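Have a look at the structure that comes next, please.
Residue numbering begins at 1 within each chain, and the chains themselves are lettered A, B, C and D in the order written.
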Amino acid sequence: MTDHQPPRIVDINCDLGEGFGNWVMGADADIMPLITTANVACGFHGGDPVIMGRTVELADQHGVVVGAHPGFHDLEGFGRRMIPLDPEEVAAIITYQVGALTGFLTARNMPLHHVKPHGAFYAYLRDNETAGAAAAAAVHRIAPETLVYWPAPAQGAAFCEELGALGHQVITEIYPDLSYSPEGKLIIQRRKLKTDLAFASSQVKRFLTEGVVAAEDGTPIRHEASSVCIHSDGPNAVDVAHTVRAAITEVGSSIAAIGA
Amino acid sequence: MTDHQPPRIVDINCDLGEGFGNWVMGADADIMPLITTANVACGFHGGDPVIMGRTVELADQHGVVVGAHPGFHDLEGFGRRMIPLDPEEVAAIITYQVGALTGFLTARNMPLHHVKPHGAFYAYLRDNETAGAAAAAAVHRIAPETLVYWPAPAQGAAFCEELGALGHQVITEIYPDLSYSPEGKLIIQRRKLKTDLAFASSQVKRFLTEGVVAAEDGTPIRHEASSVCIHSDGPNAVDVAHTVRAAITEVGSSIAAIGA
Amino acid sequence: MTDHQPPRIVDINCDLGEGFGNWVMGADADIMPLITTANVACGFHGGDPVIMGRTVELADQHGVVVGAHPGFHDLEGFGRRMIPLDPEEVAAIITYQVGALTGFLTARNMPLHHVKPHGAFYAYLRDNETAGAAAAAAVHRIAPETLVYWPAPAQGAAFCEELGALGHQVITEIYPDLSYSPEGKLIIQRRKLKTDLAFASSQVKRFLTEGVVAAEDGTPIRHEASSVCIHSDGPNAVDVAHTVRAAITEVGSSIAAIGA
Amino acid sequence: MTDHQPPRIVDINCDLGEGFGNWVMGADADIMPLITTANVACGFHGGDPVIMGRTVELADQHGVVVGAHPGFHDLEGFGRRMIPLDPEEVAAIITYQVGALTGFLTARNMPLHHVKPHGAFYAYLRDNETAGAAAAAAVHRIAPETLVYWPAPAQGAAFCEELGALGHQVITEIYPDLSYSPEGKLIIQRRKLKTDLAFASSQVKRFLTEGVVAAEDGTPIRHEASSVCIHSDGPNAVDVAHTVRAAITEVGSSIAAIGA
């Protein structure tokens, strides 16, 4: 534990493009200039074809790399309700969503940077080994070179272990705008609440200098990670983005996209 | 008109993969061995991710080439109700659907063979020049080499003319299971009716030997075409497929996919 | 156990109206004349407004009483995938669906006969006491006189116990086209399989004469019930309906709707 | 025209409850205390069961009367894209949506005050006589006593004329937050723009004192009306509501729900 080396370079990834039709979600235009890496909703829990096209264009304008953010097909639940799927369904909804987003990237000559499961779909892949393995195989077939993003820790997650074994780079991330259980598990909110900016700053700084984040009861959780993730749908998401940037800079680390 | 040369080689393309969830539409497994070319629904008017994956797999097993069959986002209307869209929406729903299908093809190392608009979306692109041009640009950006299928005639359709000018091969097709207006326009049915097999056979043979099909009032319509299209959702679709194959063989033409 | 009195009058209820748009599900027109009681899908797992109107009209023509068959909002999963909901969501989806069906009944001067939860929603209400209580309260507020249908046994189900306490008549039913676990629990199929007609006949007769049905391992399960339920989406649903009618008649019981 | 008597009592109705899942639309809680009459979205273009329940509860708390606001089934287009429907479909989507909303009202012992078609569905019923007549018949069957709201003018609209002949009270309304064509037709915006408050105030005052509103080119349009309608999804909707209230008060009229 004493040998922790804070990462000198950190990326900031953010879930974006989560509006639907006339409904707005998140201050995408304000957040895009503040991040390095966008996880773009693919129409199943948020996003629609027009919004996906606009979000990819906005990312392109700001030099932000783009990954697919597939979720359960559950607009009413914003992808934050668990829906049990069999492995064929898991593979199919990944292939469909990653394919759809790749279409928008191809149309602009942009590469698919990564794949990152959304919300309850992430939790399902984490907790269900068969589903995680099916998802990993699907990602590898459609995007054999892609990076994979995952909330730390990656250990024990079939999704990460199988993709790692197939040669994919697995990027783990910490969340300054969510809580951790004392066991280190990320706690998914059904609807994003306002983030305490001092807490967010403290989490980022402690992670960068000591390699730990605090659980909701204060327990220090040691996480290996090289990315910081924020959500665009929180009520003070833009402030969180500014806070995270400041915290990274204050401890002397740099902000840059990974492998771009 | 006297110089008509019947095509020596004809492909048979069919709209497939149009079930949704537990709902079945079309005898895909029976039809696939009888065709050369599948137009696979992309989840907007029919099809879902699991069905798309299975349909692409079935085509692969039978050596059938696969194209995307994008439609309006209208499950209740099966893509056969007109929904006016602005050009950005037109481009976005094509990019999304073609991208999603390409995902399933990529996962099996299969190329995207063609793009063919479905039902009322076809009629909208035919009748609305701005929409047709937006659709053509979207197809070209996402699939710069793809073939394009279109009910004959292609002349006057901005979609076909722009894609042709960009170097795409435009394949026109005749329909033995639909009627033509005396002006030669294809008449879209809201729900497929049973096809008269003798009529279907006669349309195919007359097209192959004389280059014409009969309109609903008997008027002969001269159409340039190199493909015959059938629908999988008709009540006697498998019989139609057998009838079309027999008609092609009887006049001495061959059946093969185009450019495969 | 020796004091079992077979019910002299049994109703036959059936899940109907489960098509969607152009997609057909179940031979509704053939089944309607064979049943007394229809559970009509309300658009969330199957059914759409046009199909609901036609199904209610068909029931009216055949003197069949109509109940609402609310399910999870999950067309792709046909309401047979569990989606965890909070109590407010449970109450709201019942109110919405029962209200919508009541609209079609009101338009024909027909009363709402009963409410019966569908598929995985039934299983969720059975297994989750808070959800069951929320559902019961919602049913009572919107339809304070309605009957309630429920797969036997009703004991232990908060939904049934609360509605019973509020004065609602709870009708329990046995299923000749589904299996029971040795503990007597109904086993929901994701997609209906073909029913063994001899088995279906035997289950109905044994239930009527001895008061028991056989579990999948042969264990006799004693169930209090006064209704027999069949599904319209099975591949031989019409044959099942005829078989059930014959079995009831053979043991000397009568077939009639309850309380109509 | 010289005999215009400004209405002494005016109601203010507003389209509300238009969020969906996690997506917010409109400051419902701020607007509800400022209006007399709520047109509640029924889940087809906006609204979902949870939001409908909460909106009805909020109206109840503020003594606001509630009507159904049925629209096309088009979440992505917010019900502002025209979808051609046959008369059976028109009747069915009205019956379904009015029924669903009535469910939430019944659960709180509130009456259905009125029915008012939304967005492009209103325009479709206005411009298509067969559709308008089918809609009128459907409303009458499900709610034989209900009031009907309609943008002025009602003359020439089959929907209003048939319902009027059946004894329904037709309330016409003017729109201070939308423009009129020189022919007096309301111009539907695909997405609500910011309203000029001085213009809104002027439209209301001129209507109340002279019986006319100004078209977009300044032409005075004479409209019979007894209600003022505002939209909750505009960017300054709360300000519009305050402005309208002030304008009504300034000319000496009163604000009250109709027939409540």
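Structural remarks
We adopt the following convention: a contact is a pair of C-beta atoms (placed from the backbone, for glycine too) under 8 Å apart; a residue touches a chain by one contact, two chains touch by 3 or more.
Treat the numbers as computed from the prediction; the structure is a model and nothing was measured.
Common partners of chain A and chain B, by the touch rule above, are C, D. Of the two chain pairs examined here, B-D and A-D, it is A-D that is joined by more C-beta pairs in contact. Rounded to whole angstrom units, the spacing between the C-alpha centres of chain B and chain D is 43. With centres set at the average Cα position, the gap from chain A to chain D is 42 Å. Shared interface positions of chain D, defined as residues touching 2 or more other chains, are 48, 76-77. Within the complex, the chain B residues that touch chain D are 73-74, 76-77, 81-85. Listing the residues of chain B that touch chain A in their complex gives 43, 48-50, 52-53, 88-89, 91-93, 95-104, 106-108, 138, 141-142. Listed in rising order, the residues of chain B touching chain C in the complex are 19-25, 48, 75-78, 80, 191, 233.
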